[in-house]
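Order as written gives the chain letters A, B, C and D; numbering starts at 1 within each chain.
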Amino acid sequence: METLRFAIIGWGYWGPRLARNLESLPYASVTLIADSNPACQFSPALRHHPRARFTTSVEEVYRSDVDAVVVATPVSTHYTFARAALQHDKHVLVEKPLTASVIEAEELVHLAQERQRILMVGHTFEYSPAVNELRKLIRNNDLGRIYCFEAIRVNLGLFRQDTNVIWDLAPHDISILLYLLNEKPAGVRVQAHAHIQPRIPDIAHLDLTFASGMTAHIHVSWLHPCKIRRVTVIGDQRMAVYDDTNPAEMLKIYNKGADVHADPIVSYRNGEITIPHIDWVEPLRLECEDFAEAIRTGRQPRANGLVGLEVVRILAAAQQELEHQTRQPLTVVSPAS
Amino acid sequence: METLRFAIIGWGYWGPRLARNLESLPYASVTLIADSNPACQFSPALRHHPRARFTTSVEEVYRSDVDAVVVATPVSTHYTFARAALQHDKHVLVEKPLTASVIEAEELVHLAQERQRILMVGHTFEYSPAVNELRKLIRNNDLGRIYCFEAIRVNLGLFRQDTNVIWDLAPHDISILLYLLNEKPAGVRVQAHAHIQPRIPDIAHLDLTFASGMTAHIHVSWLHPCKIRRVTVIGDQRMAVYDDTNPAEMLKIYNKGADVHADPIVSYRNGEITIPHIDWVEPLRLECEDFAEAIRTGRQPRANGLVGLEVVRILAAAQQELEHQTRQPLTVVSPAS
Amino acid sequence: METLRFAIIGWGYWGPRLARNLESLPYASVTLIADSNPACQFSPALRHHPRARFTTSVEEVYRSDVDAVVVATPVSTHYTFARAALQHDKHVLVEKPLTASVIEAEELVHLAQERQRILMVGHTFEYSPAVNELRKLIRNNDLGRIYCFEAIRVNLGLFRQDTNVIWDLAPHDISILLYLLNEKPAGVRVQAHAHIQPRIPDIAHLDLTFASGMTAHIHVSWLHPCKIRRVTVIGDQRMAVYDDTNPAEMLKIYNKGADVHADPIVSYRNGEITIPHIDWVEPLRLECEDFAEAIRTGRQPRANGLVGLEVVRILAAAQQELEHQTRQPLTVVSPAS
Amino acid sequence: METLRFAIIGWGYWGPRLARNLESLPYASVTLIADSNPACQFSPALRHHPRARFTTSVEEVYRSDVDAVVVATPVSTHYTFARAALQHDKHVLVEKPLTASVIEAEELVHLAQERQRILMVGHTFEYSPAVNELRKLIRNNDLGRIYCFEAIRVNLGLFRQDTNVIWDLAPHDISILLYLLNEKPAGVRVQAHAHIQPRIPDIAHLDLTFASGMTAHIHVSWLHPCKIRRVTVIGDQRMAVYDDTNPAEMLKIYNKGADVHADPIVSYRNGEITIPHIDWVEPLRLECEDFAEAIRTGRQPRANGLVGLEVVRILAAAQQELEHQTRQPLTVVSPAS
């Protein structure tokens, strides 16, 4: 099998992680690493890629003989780098979110189709074995009809200046939501506030409604003392909690619920909790494998461009609602009479 | 010291609990227990009050020689029972929320002042030693300027048919919020959904804004697999988490934060976590003591009528926003183009 | 049904708790409470028993018309009070451990048989719904052949001066062990140390061997920062952890194990964890019910005198080993050569 | 600074981990990797060391130009490989425990002194930032006089056939104990049992006594459903728990204790819990740095040969006690009379 050559654009947090995982694939090699900051060439992480060349010129990446390009730069630049790479007939993996606007995402999807190149987005959690186990349960109807989905992803930092907490953290939860539930939201409401940096929300609540009656709520925050990453899926038969920070008990299935009999009688079921054993594989490794396999075989990867576009659509609707809201009066708490 | 005589109206969940705590006060005695359901006279809990008389007639309570009346009935009846008791010159403790509307609460407050009787509301958590320890820290400026308050109170059930989840659970968190932070909210937004019973929201998110720039978020639910009762207060110096379900570590102070220097530079502090020792006393007992002491001395109790009114104001504003919202278009997620 | 009359001897920690639970039985009443300390008559707990008489004379208890006597005094006095009560034809419930020596326990068992009275010991944990659920699993062979039993029961305090930590805390775990596993130990080894009070061990490890090859280990301590109460049962098919301090997840069944194939090949199974739902009833209440039912019907209660004797046998053997050990040389760690 | 060249003997679990950490040091390079199993040359981990040569001949290692040799093989072979490497004037890092007997360890220590080479043992936990924070507290007298040390290190597997659970797991806890407390034990008792493989104990309890009156207890097991790695240090002023499996709260300081006044009065202090922030660095990395720095500067590393010898002394005394014990009658639980 011929070795696939990869270039990385952006040597910050995700670049070295993606490079390490690509490098450990048997038929892949990272041969080119680009970052506009020349200091990156002295980063310790580069020592693990003795065969890779470093460059500050992104043009060199496009002109090189690499098969694929990984774009691990700030979101505002995703579109430009990904488009140029596709135009040079490279396969492209872009960090999440795919782009900063719906129109950009649509154009990339279109371009990838035209050039018959793979376009993929780094929705890592779609590759989590726990998320996939949960998806199997839902698809198998083990939870019954789904009432609602709740996600919380909070921690202290990292405050970014180029984007708000919705665009930074919610792509993870939206991609999990779409991957698990296979229904696109109809409407979105937002509650968001900027506490640390003016006009850059650092805490946000997204509330999504669906045609089926299902609801979803996503709470993201850069301003919280604890690291919490938890998804709760509530069905009429069972409920499930996926806690990404608890390796020993990442997925819990609660056999409990509220049964509605002749209205208005509600009764409660309270059964056992099950914690399935999950064979753990690093999601980032599976993501890199999926990218490499997609390139080799031509089939679409799980987190393909269309999925990335769908996530951007929801982020953009949330952003629009947020801007609309700031021009709207809100209900006032009546003063003492 | 003369013994105070108490009557209980409503022998459901809270009635027996309040009776037991009043009875254990050295100078108090429960002498009359009323419930419209005659079967209550055979409840095992009555065996602990061998000196108390049981009646199905609330009129008997008003005409009796009791000094004070505890109203532990569904919220829609609070106003009627409390008003009648005040009109008969009884001191009154009403379960939370004080009433089902602002106008009712205002009238009760007014009536209690006129009759010079104590009017108190069962905001139990204002008497939690952990909440009071947290309040001391905030008042002492240990957390610094407060950015935001977050509360979550979820569990499976109990689904009620006479009220929604906001009126049922949020009074606890709103009363904690007001007690801790001493600032009244200016506006409220709501996200709420009814999954189990038509038109009775069982999951809700309240988002409150304040003149100072502080924000608050309250998440309440009857439809959740886990019992979570947690309040997070985030200051610019420290952050605190009060977890009511973890007796050994009910309050955690995180010495961490994000410091804003010359905009836009943010740096992070990450110091120790402190878990103060809290001498535990049952909050319900302290609540009952406060009621009895207020009657004896004439001073206002902590959770007095004005506090109860303030909580009802916020609940009513949330309800109004909820009804307004259902007539409003929400932002639509754009369909694929 | 005629009401059973109970007397309590000893109004310290357990006396009021047992009285409250007996009182709440429909056909039982606590009519007499004895303690040598006259100050006990002013204890708030007495207020809950308005129909009971208080006395400082234990003779009054023997001569009274009560049907049964609860002995809730220090262990050194159990034998004397229980014997006298049996000799006056009272049924007797003694707090754990039954007595301070094997010979005393044997005599009480014999006397109860002779007088045809119920003799019971307060092994509360035999009445825990979680312990009973675990017992069902073991009896049902769900765990397979049992390799070993491990118990830990530690906390800070309460340091006692009349007994050591083995006699104070280990009766709980020994009674759980015997109740779960139905095999009596053959031998015992002990590691115990006195850190706070001279010659009164406050930390101890009991190691028990059984004819079947099964082993058991019990760790008890008065000198530990955390409250831990946990029992682990390891079978060749499944393993179970019963954590008495975690109400939401008191029993966890681990479907995992090490399988021995052709020696020396070991392979590992790693399956799901199951947390059964347990309908909780206060164990002390069930214990009191069992006592009252045994009196009414004449059948032996679960924690009967023979069970209490068996626990005392093991405590006495541990004590003997401990005393033997202090006269034995222990292996010396070789000094530097 | 000249680059140090390292060879690894043994490419199993620890070999690749040590190689990766040595390689990431700026002035170190792994140039030779030896394993008797030729299949190791195809291991994926070798891909991260493109500059290293693989060999099945350990002689090649001795004759090579490497400065230092890492011995990461089964314990029975430690002595032979380490001695040969020292005789060829290589610095040597041996995985724990240093050797399988005291006499072997003494000879290695002597040989290293004679040849003026560094001899180090892989006591990784001495390099844990949490252990070092705890050591600072103890040395600073924050815990007061130390009453006792307790360690538990249990999990399911890995069952080994060449050694028992004491030699496999206890070296970690013994090295932590000696590093924290700076006092050598005087005597040792053991409780150990073989459940899975005949005559190879898989569960063991070591009980150590010290001249000062301090005691220590170490519980190790291959046969447990949960992964627990916890050290508790109990002083007369404060108590500390170091939980290696809880990254967010690895070290907890409990300001509580039992104070002995005029004997026999004991009172209790119950203050706050403090969780210091610990800047985390991978202990294995710090261990590798210490080895490299010791080679460069000639000073002794923290986990030097003498420390390794001390741990082997205690393991050997435990083994001797274990063998002695199997020939000793144990206290028999009296049968029913």
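The criterion applied here is as follows: a contact is a pair of C-beta atoms (placed from the backbone, for glycine too) under 8 Å apart; a residue touches a chain by one contact, two chains touch by 3 or more.
This structure is a prediction, so every number in the text was calculated from the model and none was measured.
The set of chains in contact with chain A as well as chain C comprises B, D. Using the mean of the Cα atoms as each chain's centre, the chain most removed from chain C is A. Our note on geometry: chain B versus chain D, Cα centroid distance of 53 Å, whole angstroms. Once the centre of each chain is set as its mean CA position, chain B and chain C turn out to be 41 Å apart. Contact with two or more other chains is made by residues 226, 256, 270 of chain B.
Within the complex, the chain D residues that touch chain B are 249, 255-256, 270-277. Chain B meets chain C in the complex at residues 23-24, 26, 44, 47-48, 50-51, 226-227, 248. Touching chain C in their complex are the following residues of chain D: 102, 106, 147-148, 156-157, 159, 161, 184-189, 191, 193, 195-198, 203, 205, 207-209, 213, 215, 217, 219, 222-226, 232, 234, 239-241, 252, 254, 256-258, 260, 263-264, 266, 268, 270, 313-314, 316-318, 320-321, 324, 330-334, 337.
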